[in-house]
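In the two complexes that follow, subunit A is the common piece, with subunit B as its partner first and subunit C second.
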Partner chain A sequence: MSSKVRVITPFTYLGWLVYPLIIAILGLLILSQGSASKSAYAILGGGLIGFWGLAYQEGGNEIQNERWSGTLEQIMACPTPLAVIVVGKIASSLTFGLLSFIPTVLAAYLVWHMSLRNVDPIPFLVSFVVLTFSFFAVAISLAPLYAMWRWSNALINGFEIGMFALCGFMFPVAQLPHWLQAVSSVLAPAWATRSLYAASGQPYGHDYWLWCGLAIAISCVYLLISWALFRLVDKRARITGQLAFV
Partner chain B sequence: MNPSAAIDAIQLRKTYATTRGFIKRERVEQVALRGVDLSIGRGELFGLLGPNGAGKTTIVKIFTTLLLPSSGTARIQGLDVVKDQWTVRKRIGFVFGGERGLYMRLSGLDNLRYFADLYQIPPELSRRRIHGLLDQLGLKGRENDKVEGYSRGMKQRLHLARGLLNDPEVLFLDEPTIGIDPVGARELRVLVRGLATSGTTVFLTTHYMLEADEICDRIAVIRKGEIVAEGTPRSIKTRVEDRGIVEFECEGLEPDRIDSLRRLEAVATVIVEERDLSQVVTIHCSRPSELAASLGTLLQGRQVRKVSVREPTLEDAYVLLVSS
Partner chain C sequence: MRPVAIFIRSCWFQYIAMFNWATPIGYLSYKFLFPVSQILFFTELGTFATGRSNALYFALGNALQLTAINGVFGVISTVGNERQYGTLPILLASPANRLVTFLGRAFIHVLDGMVAVALGLVVAIVMFRIDVTHANLALFAICVVTISLSTAGLGLMFGSLSLILRDVFVIANTVYYLLLVFCGINIAVSSLPAWA
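Showing the complex of A and B:
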């Protein structure tokens, strides 16, 4: 049903088609003049931003949408735990998020004649799967905050954009100041993105398995935090009774 | 605790904590329930009446596991709503109604399919049940239309269909006929009565006395978080049997004249309703005929019209209970 709503809702097309395309075009305009080593960022960057945006924003916003439509109480009081419902919603977001790569890769190939020539296929595929898993872990660990606090929407929306830089979607994390690199090191998607670009032929090392392992380990920590948060949400929501408040 | 009861509450209390102020925040506690005791038998149709803010929705939300009580116990068919919430949720249905609470961009059918999944109903059973409910609730033929195009009454019926998807043993209805036209409301009441007759325990909150009087086996009146009366509609009405109601219209009745009416020995309550330029005054008293006859003297200088004396109704009993 979440997927059906996305197909019906015009706003979703902004997330997976329009915004990634705009960012990809900007990236391609800037980076296509540079060295070939930056081409992967130009080709994949827009798609990654769109993928991330839908997975995180839409997954978390689903809770807020439920609140606005007055259905949050209905789903909280049903026999299926909220966490399971959110997993379904985030899975739907991730599926749609994958579509972000289609317009961006096509634009790069058809207009700028750029493609990923030096891809190491197995590490690339594994890195992509790990990246998806890390996005899922972040989204599901933040989703309970939307259920708990009505104002979380404003706070967490800002976090989405910071992630573009901290995870190295459009440029390597190594170009960030040291203190920001330290912040980046606790973000699972940052390690998965590093592995993905390394598998795309970027000259920044090839420790795919180490980086994937770190991404998986940190994601598992997020999942543990998420489990604790969902339990807290259930109890707190039932104490304050604010689920129906918009 | 009554082990055979469908719904049971013992000394149920709920306090909401909130904050007041901007810079210097002050914690404020609002007491919604002050020790509510209720016991409702299986297959009973029970009505809970009370003014806005009395605690009706709070009680319903505790029973439907949406709220934790601050203290006290609430059970559904012997299951604690706090410790056994997952089992309770499978056995109950609830309808809060209103314009919200449905997925507007989806069809009625898709809404029901989605909730059937959430209630873990097997697909084949879900399909049969959904189509049966659509038929029973008069939504057949419109099930593939988006909910945003439904009328108020249709949305309310879809809410009810959603509440009945899991064939609940206990059904909670929070003001189910609010905002619905009289014909639609009557149909809904017949349906609800039918559910109770077939063995479903129904807990209903309402503002409409006619509704409570017509369909409920027993009712309770709640005021400021406390149950002030409980019994059959007939037994509630006996509280005002020794009283009568005097009603009249007047213009420009001063507050001190109204107070002087209130101070009369035989008078229990005086309610003044402003309607356009005139006031409709309703007096609950023990000797209505005498009072009616003396109104001209009591309200000298004021034109008194449409004086009537009538027997008390359930509404009058309710008004007496919530305003005393």
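Showing the complex of A and C:
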């Protein structure tokens, strides 16, 4: 149902087609001024940003939309737990997010004649699956915040571009100041992205399993936090009789 | 004084009500978190590609582009949200002068856009140790006012599309990010392909 709604929602097309394509073109223009060894960032970066954009915000945005449409109380009161409904919505947004790689990789190939050359296929595939799982974990842990606080949308939206930097989607995290690298180390997508770029020929070494393991472990912590937050949302909604606590 | 007072009060209420900035956290998010994020990301991307010596270009460009948060998102929201909330027919049927009403909507965004640039500059100076001691401040100020006015003009132009489009915020997002590509913010206009 969520996917059906997305097909007719212009914002979905912005998320998987327009936005990643613009960022990819920008990335390709900027990174093509540097050495060819950075091309993996230019090719995958736009797609990763589009994929992340849909995953990061859409779970929560769906809750925000339910609130604005006056249907949040109804989905809370229905027999299906809110978490299950949100999982469906996030799965749908992740599916559309995957489409982001089509326009960006095509633009890199057709206009800039760039393609991924030194891909280690199995680590690449595993890293990508882990990355998707980490995106899911972030999305599901942020979603209850939208039900708890009206201002969550503004806060999370405001930090979206910052997450591109902290997760190393278009340049290595090592580029950032040390204190930001410390922040980045607790972000599961940052480890999965590192593994993905290492599998794409970037000179990070071959510790794929360590990075993927870290990404999965941190994602599991996110899932635990999410579970606690959903319980809190449910409990407080029943006590106070309202969903927007603050 | 009364018409002026009404104009100012009307500008203010439209500003806080139509841009979803009614809470301080929302305002701080767009005024602090978003600018820091944008300057950090694009400056680090630029320096990754071209070296630390070019940090000034990327940081300054993105600081100036922050006027578009107000000029594009803000002004388009003040028009587009009327349609989304179902109040556009009432607004259009009211006896209020439309030119004054819509210019009033852009007015505070022009001022606030300039505040955004000032904040962005502080962020750029602190984060990337940019030296602005040799800057021509008067000329810089004129540029900031011009950019703020022109982005508000863009906002009004694209905001008017909400009369015929259901979801004008897709346009707002697209315009905002296209500015990053085509206005010399991250790539010198002379370095763009000929078609661009």
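Keep in mind that, in the parts below, the second predicted complex is superposed on the first by the 242 of 246 C-alpha atoms of A that agree within 3 Å, B and C clash if a C-alpha of one lies under 4 Å from a C-alpha of the other, contacts with A are read in each partner's own complex, and residues count from 1 in each chain.
By our rule, a residue touches a chain if its C-beta (ideal position, glycine included) is under 8 Å from a C-beta of that chain, and two chains touch if they have at least 3 such contacts.
All values reported here derive from a predicted model rather than from experimental measurement.
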Is A:K235 touching anything from subunit B or subunit C once the two structures are fitted on A? First, second, both or neither. first
For A:G70, using the defined touch cut-off, is the partner it touches subunit B, subunit C, both, or neither? Pick first, second, both or neither. first
Between subunit B and subunit C, whom does A:G162 touch in the aligned arrangement: first, second, both, or neither? second
Counting only touches as set out at the top, which of subunit B and subunit C does A:G213 meet: first, second, both, neither? neither
Which of subunit B and subunit C A:Y19 touches, first, second, both or neither: second
Have a look at where A:G201 lands relative to subunit B and subunit C in the superposition and call it first, second, both or neither. neither
Which partner reaches more residues of subunit A, subunit B or subunit C? C
State whether A:T80 touches subunit B only (first), subunit C only (second), both chains, or neither. first
Going by the contact definition given at the top, which residues of subunit A touch subunit B in one complex and subunit C in the other? 9
Subunit A contacts subunit B in the complex at 1, 4-5, 8-9, 69-71, 73-80, 85, 235, 238-241, 243
Can you name the residues of subunit A that touch subunit C in the complex? 9-11, 13-14, 18-19, 22-23, 25-27, 29-31, 33-34, 38, 41, 150-151, 154-155, 157-165, 170-172, 175-176, 180
Residues on subunit B engaged by subunit A in the complex (per definition of touch): 16-17, 58, 61, 64-68, 86, 89-90, 94, 96, 98-106, 110, 113-115, 117-120, 162
Applying the document's contact rule, which stretches of subunit C touch subunit A when the two form their complex? 20-21, 23, 25-26, 29-30, 32-34, 36-38, 40-41, 44-50, 166-167, 169-170, 173-174, 177-178, 180-181, 186-187, 191-192
